[in-house]
């Protein structure tokens, strides 16, 4: 059994990780921490855990915890993990960070977009970006995984084959993304007060969302640098992300041309489902699962391709992918503990 | 492996049963039927099943199907099963009927409340009411299970100990129940059109809902006949039932007196969670699970007890309890395949 | 033109009052206050007022404000108004308090249920309970109106004729009420965070809600003292209250017997709509209006009557009724500025 | 008083028109029609009208109705109006068509996108496109108004100044639009069944929505032909449209440069609100009103401008704009009967 610790278990991503790990057949949870709910039983924080676990939240002592577990999941707001994690800790345990501190390769980019200084820039080089489908081999070797953001996971999986195969004009990419409110977490803000975000939709952080450089980094390579527009929107629903992406095709590709490329990238990927032509992703069909559904349409009038991708933001966009990374790190079947069928209607 | 068939797989209860059985470690689905979607692949009907199953829906031939399976789940509107099921079929397979045809013992009561004649009244005697926690021994011996309704499961579990122990005035019981819209099924009606039931609440079938006699039957016994008021309400959410029940206490019982009785009835029941004093059921804490959460408060000003119960209407109120019944029938651990932790926020 | 002031304009009731008064043909807003948003333009607090008003929120100086206005609306949490209002202020202006401080006649009852001492118990005697349909004559003469609570307005209008005419057993009354989330106000709490109250339903303040004594006071009189059970529930929608009330009929009254009584009480009331037999109130049909819809069903099996009432909690349950009170106080047509047709679907 | 008739009063747009016209001080409703609800009282179809109107729905006889009214509003699915309307009818009454039949100038374009032949192509020339802010002078002279679609109204108002002033590359325009479910009408479909569209988001009619040519026509002129990508999405809320539009700026314009142009176009327009820099449209702030809120951000990294626009789809996107057109046609103040402050939270 893999011994796991969760730092920041009382946030939504931490709680979802708890749910997945308690049910995981090859993992047991050794310890959990929460700053807000120190010494509280977990079922007092989340009533769904009534009768499920008697675990209580501890205060954070990362170095101590690292000695007791095989893998440490960190689910904290950005800027905290990078100030506590050390090379020494990484000798004691593997780390999967669900936060943003180890996703970007460039310290400067991180500091520009996040507005804080990075506490352990020396660790950035050894960190591996944990987008499992695209980075599996590097993940296997790693001890420090930067688990991707929710919008980024969906955006990258949706666009990567087209970009990598140089089928689109990479200066033309626009990502218009829509997320359920759980993506904003459990902390109280006026914008996520029920009566303020129910029955309305808005865009936010226009031309300024921090997932932008993360998507650009993953889509760029030595040959092409991708700069794109990314606009997130808040949708009155609990879970789910839908990405609508636009790009100019470099040639007059047909649906089948492009489908063939996507098949090549994803046909062996359990968690990517390419939908049949004419059927488009909806967040309801992936809810409660680790799947990413993808499809696209070619708009011949404009020469554009319009791509759609959908995930459950708390699973494939956070806790599920973290478990997938753990499975890869420890040589388990990649879908262990995360092969749930999406639930509907829920 | 238990071989199962599902008749009426394309309704919401049927689909939820598919989801649970596909993931059940001791069961395999042999055949499924749908009148509306005959010959359609299941994933064309429900996009969550994309990549999960290649099963298609057949036309219904109950007698033939019965020969091929160990257990037949029937998820049809009332009045159909009773016209097709026969003693002969019951020699070939066990039957768990998620509909209403085999829940009421009295043919007259059935015909009065449902307004149709019962097609196989001779089978009523051998049918067992499948409320697992209260009827486990009888279920074990049975070949025909009337799987309880959603409102009834929640109402009965919430009230049974008090009634059975004669602690309340049984003429004083009022059940005010609230359900998510999935309880109304997938058939199109103006009342369940999004813009007609979103952002509003209403009562319906006031003093006339068909689950009333089912609750009364389960709470009544040789010594006391229960007649009660039951009012269902439609709540703008996908899933969940909350029951608020009121009754006059026969004596000045304390919270602890009554808690002791509930503990006695349910402390060994995995799927009934008695909450700590002052913490009351909310549907969100049971969503996606087979749990029924229960608690109560004594109103000393009025001498009443107010009880709250919550379930996931499609799981404990339908497909989950059906699987629980199957597990009992076939001697499996009762929680096999249905021990999911409730998911939140979802 | 009536000059009005609003104290506490930045809460939901205050904002709704702003909306109604800005559109009111016989009233102009002289000044508004907000503690949280002092010196902010109102449209910065509520974006719907962009381009509508240039008013800014002042700090509270009740005595000064009273000299400048004809009517002062107070929309503050309980316990504040009673510590600031004085007999001297009431010489300068009429006061309509949307809070709870002047609703209960008994200082002791107020202090027991609200847990604070009342700051101006001497004013309680002159305060008039502003349920317009039942108290119109007293309101006309008054200078201090205790504007009723949302649950109470709906509960009292629904039950009053039956109680006053002594047709029900007053010890048997149960009110099971359901409210949209705007009733909880704009202050941030975990329970009204979107992902915590969306897609779920719960009861709260069971046997302990402060609207209970207010309902009991209004239904009681010298001849009968009413003690009842009241259970509020939080429903995932922005607006609306539905009341489901239960009581034992004292005799075998028919639907028409009771309808005749309700007609007698309400047939001249513009804002009470008695629905046709078999059609029951739904909150969607009153949203955006000052109406209270009412109907009932007799349950012959149990000898009970089940009554339904619905209002818009921010209009008839708060700001709309406050304007109705103002109209009465100043001799205007009672529906001036509040005769909006309910909007649907919204 | 203007005498008005409504053809198709029982759809959502027709009903909203009823609500606005019943409250309109200069208009009275002479007759209404409905195919589905012939001879039904309007309050039986829409419970909000209980006690408001005693009007019943007639069968449709357009020629007869035209003789009795000053203005005829047609709110029918596309393809019906064009087969019934004649030059002769237009001699008897002015017509405002809320449907799609008289919006496109080109018969060929109409027939290509709508897939039906146009029944009165000779009338297309005299029809005026009723986008009030851009077409006011032509509307004044007209007898036949093609009232714009909901998505189109919002898209055109948001983009027009930029396009007309030639500040963007017109081949680069992408419109990603999001609508509440009321836009889909009251007819029953699986996609608008509550449990199928609640808690989920999807795109639909990708690269194929019929509002596309309508937007292109309004933005194009003799000098530039606009071809753009338009993707509508269904959002789980009753009302509201948010448009997110993307385009390449032709030069390095600043926020103030562009704001000056928008001010020039809209500063005298009551129903267009240009929000302060950094504050972006949300549908909640326009709900229940005829406003269109607009703002934008310049993304210097990509050289794009991102524009946001929001309207209430049933008001500015349908019935409200129809009334605005009527006011223009009959020389009334343009905001008569439609100057409601947006309601919140609702």
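In this document, chain identifiers A, B, C and D correspond to the written order of the chains, with residue numbering beginning at 1 in each.
Just so it is clear, a residue touches a chain if its C-beta (ideal position, glycine included) is under 8 Å from a C-beta of that chain, and two chains touch if they have at least 3 such contacts.
Here is each chain with its UniProt name: A, B, C, D = N-acetyl-gamma-glutamyl-phosphate reductase.
The model shown is predicted, which means the values in this text are computed figures rather than measured ones.
When chain centres are set by their Cα atoms, the one at the greatest distance from chain A is C. Comparing the chain pairs A-C and A-D, the larger number of C-beta pairs in contact belongs to A-D.
The centroid of the Cα atoms in chain A and the matching centroid in chain C are 46 Å apart.
For the pair chain C and chain D, the distance between C-alpha centroids works out to 36 Å. The centroid of the Cα atoms in chain A and the matching centroid in chain D are 39 Å apart. The residues of chain C that reach two or more other chains are 12, 182, 195-196, 198-199, 236-239, 282, 284, 287, 345-346, listed in rising order. In terms of which chains touch, the assembly is arranged so that all chains touch all other chains. In the complex of the two chains, the chain B residues touching chain D come out as 12, 181-182, 186, 188-190, 192-199, 236-238. The residues of chain B lying in touch with chain C in their complex are 171, 174, 176, 178, 180, 195-196, 198-204, 206-207, 227-229, 231, 233, 235-240, 242, 244, 246, 280-284, 287, 297-299, 301-302, 304, 306, 308, 345-346.
Those residues of chain D that touch chain C in the complex are listed here as 12, 15, 19, 22-23, 46-52, 182, 199, 238-239, 273, 275, 279, 282, 284-289, 291, 293, 340-346.
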